[in-house]
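So that you can tell them apart, the chains are marked A, B, C and D in the order they are listed, and the count of residues begins at 1 in each.
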Amino acid sequence: MLTKLLCEFGATALMIIFGVGVHCDTVLKGTKYQGSGHMFAITTWSFGISVCLFVFGGAVCMNPAMVLAQCIVGLVPWSSCIPFMIADMLGGFAGAVIAWLMYADEFKASDGVIDPIAQRNIFSTNPTTEGTNYARNFFCEAICTFVFISAILAAANRAGENVLMLAICVGLIVWAVGMGMGGITGFAMNQARDLGPRMAYQVLPIKNKADNNWKYGLLVPGIAPFVGAALAALFVHGFLGMF
Amino acid sequence: MLTKLLCEFGATALMIIFGVGVHCDTVLKGTKYQGSGHMFAITTWSFGISVCLFVFGGAVCMNPAMVLAQCIVGLVPWSSCIPFMIADMLGGFAGAVIAWLMYADEFKASDGVIDPIAQRNIFSTNPTTEGTNYARNFFCEAICTFVFISAILAAANRAGENVLMLAICVGLIVWAVGMGMGGITGFAMNQARDLGPRMAYQVLPIKNKADNNWKYGLLVPGIAPFVGAALAALFVHGFLGMF
Amino acid sequence: MLTKLLCEFGATALMIIFGVGVHCDTVLKGTKYQGSGHMFAITTWSFGISVCLFVFGGAVCMNPAMVLAQCIVGLVPWSSCIPFMIADMLGGFAGAVIAWLMYADEFKASDGVIDPIAQRNIFSTNPTTEGTNYARNFFCEAICTFVFISAILAAANRAGENVLMLAICVGLIVWAVGMGMGGITGFAMNQARDLGPRMAYQVLPIKNKADNNWKYGLLVPGIAPFVGAALAALFVHGFLGMF
Amino acid sequence: MLTKLLCEFGATALMIIFGVGVHCDTVLKGTKYQGSGHMFAITTWSFGISVCLFVFGGAVCMNPAMVLAQCIVGLVPWSSCIPFMIADMLGGFAGAVIAWLMYADEFKASDGVIDPIAQRNIFSTNPTTEGTNYARNFFCEAICTFVFISAILAAANRAGENVLMLAICVGLIVWAVGMGMGGITGFAMNQARDLGPRMAYQVLPIKNKADNNWKYGLLVPGIAPFVGAALAALFVHGFLGMF
């Protein structure tokens, strides 16, 4: 159990180092890859997650919504539900802190140069037209989480013991979902990915912070992924007949 | 049979959510990935289709032209031909409606800002020099469908039970065909992909619509893929000796 | 034997439709993907070749230099050497003609607008500082062909019966060799890829043609790939101990 | 043993031809792919390394830090440690010389046109805000090497005899680590990759050289990868229980 919790924590932290790291990389002043664009960033998120699975294996969730889905289909015991979720949230927070440590000099150099909202968005997902349409954003996050988790569960079922193949498929899933469905809310699909780094942004010594948009964070990436994940679990088990 | 029809419907809808979604993403005002370019969009189409196969398995057609080809080589019984085609067309329509729902606010914001033709092209394929050379466009669509379906059938034959490998290969096929042969007609190769979302554009409450180019839609992406698919089935069975 | 020759012819033609097609796509006036850049084009060449192998299987050469290498290591009988090479050359010519047919309207529209040298380079590879350093260009083409063919032969040996895996590896090989070693001569590595379409450019009714640079074509992409391929065959057999 | 040393030498040289080659390609005046950007370059490094593994097999290290890690987990005998490291360093030097030979004309054309620091950075990694924060840069190199080597060792353990799958995974690992963690120090993670070509830059007849930044080279990419690699070996063996 402790090993599993440490795997959840470590894998989630690693995922966030990749993901928050690449946004630091493409946004902050003085980085090598500033302005490298969305495909660059989404590719890093995608295959960064593959790397986490290469290391920690195909059973790791890295995502409270995924934990819920795996509890529903029976892959994770309900007794592990809350502990896994907490481990994931802490991992998301820790990963963002490590990424900030790596790019701390660039954060300093960006103060007063890079828009505070752009800096905040390095950490958390926020909608394009902020706050104007919570229902729409909730709907989008629920749909993309539904697709994301359905696809991973189905791929895991088909992959069997082939962890490397599963990990590559998960990377491709994030590639497609991120690019095809991420243009509105930024494809959080995961509380540990959004709220963990959002909390890190709150407490880290970054100057001139933008409003951290907690209301959005808690309502949309905080709740919608659970809805999408639960529907995905029902779909994969009930319709596809897996697990 | 009902399950298979629902799989056809669902897989096609999902494919179109990815594909129409990514065009919304890169074209409409106010989206995160506006202007991300053709490689971004084609990558989404490609590996979005892989995701559909991860979820629904390697037997799903998502394309009336593919249904025809699989009937000819004997993978799909002729009695399923018309039902599958109808399920695919309905899925294409439904997927476009869902994508529109996700991006409805951006469609509103784009009214009067984004060219109506560019908005229409989010849904359907249209040639670059419209209407001037139907024979050439028919020829191009028939060729790229021939290559597309030949390659998928051959890869399916070689993949055997390995659905994930097949799905990855299909993504790579769309990548290559889309980029290498799509520059003229936009690689429809599929009535459900073109005419389903074209119908959605017709009926959705989008303002200041461009002409929907039905004549082109019905003649070129409506018919040419059947020609290419039938030739592909004959080639794969008759020359390659598969199925 | 006839089937094998037809496979060589067809696979090479298909490869060139992808490759010359994507250059039409990104260079000619009026195409959808004009200006999409080098990564777009090299990706198409790479996974277009994967598609050829999905369709025609892992034994197809599509390249006189590869035919020579496979004769040396014993994968192709010497009696097939010249016939395979001729089939490949004819395939390269035919593929370029088909690509031209698909983009004929755009060639017309490009007359007087797109630089004749850029149009010629759609078909054949030409060095950046043309004609000034044949020795250097020969050396580059020999090296990149050596790497290209060594890698494919080694991957084929490791892949065994897994044609799809081999095809994916070949795509990745072209990706890396094209981007990492192609910046000088344009990574021909294949007489059928260079001289076949160069001949097509010679005879097709394109207006205002640039000099077709036959001296370069025959000396560098005409001969250097044989040198690289022979060395690759010796290396793979003699040092790696394969075949 | 001699074969293994030659494999280490050859594989490392090949990796550097790809990697230094692609930087020549995108930086020097007169190359075909000048200005093709970071994704282009990182993709070449990534799948160029895959190609090295296709050719030389999954056991090759190409990296003194990896040699150390593999000695610690028992994959490489300690008696081979220093010889392998020397072979890797020589391979890195030789690869950079070959890449320079291929692009020698472009180096001449770039004299006085392309910034000497940009030319130096073709060969070696250097931080963005040079020399100002050694501790931070050391920390970054140690972390990204830790992730890089942990992921490769874990993937190798999971891949078993499937060398091609391992090679593809290694390419994806470099893709993610390079893009997500490379924005500060340029992801050396390997003395042979950094110090070998740095030495080549020192001795090659390039005009108007920039300061070669040896202090940084020896302290950060020279030492930090050993720290990351040792920690990775302990983690993979001690925590993941592999090898």
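To be clear about the criterion, contacts are C-beta pairs under 8 Å (C-beta built on N, C-alpha and C of every residue); 3 or more make two chains touch, one makes a residue touch a chain.
Protein names from UniProt, one per chain: A, B, C, D = Aquaporin family protein.
Just so it is clear, the structure is predicted and the values come from calculations on it, not from any experiment.
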Chain D (Aquaporin family protein) against chain C (Aquaporin family protein), contact positions shared by both copies (same if over half, else different): different
Rigid-body rotation angle, chain D (Aquaporin family protein) and chain A (Aquaporin family protein), from Cα fit (steps of 5°): 90
Separation of mean Cα positions, chain C (Aquaporin family protein) and chain B (Aquaporin family protein) [Å, integer]: 29
Rounded Å distance between chain A (Aquaporin family protein) and chain C (Aquaporin family protein), as computed from the means of their C-alpha atoms: 41
Sites on chain A (Aquaporin family protein) at which at least two other chains make contact: 37, 39, 165, 168
Pairs of chains found to touch, sorted by chain label: A-B, A-D, B-C, C-D
Contact set on chain C (Aquaporin family protein) toward chain D (Aquaporin family protein) in their complex: 37-39, 128-129, 132-133, 136, 139-140, 143, 147, 150-151, 154-155, 158-159, 162, 165-166, 168-169, 172-173, 175-177, 179-184, 186, 239-240
In the complex, chain D (Aquaporin family protein) residues that touch chain C (Aquaporin family protein): 3, 6, 14, 17-19, 21-22, 24-26, 30-34, 36-37, 39-41, 43-44, 46-48, 50-51, 54-57, 98, 101-106, 109, 163-165, 167-168, 171
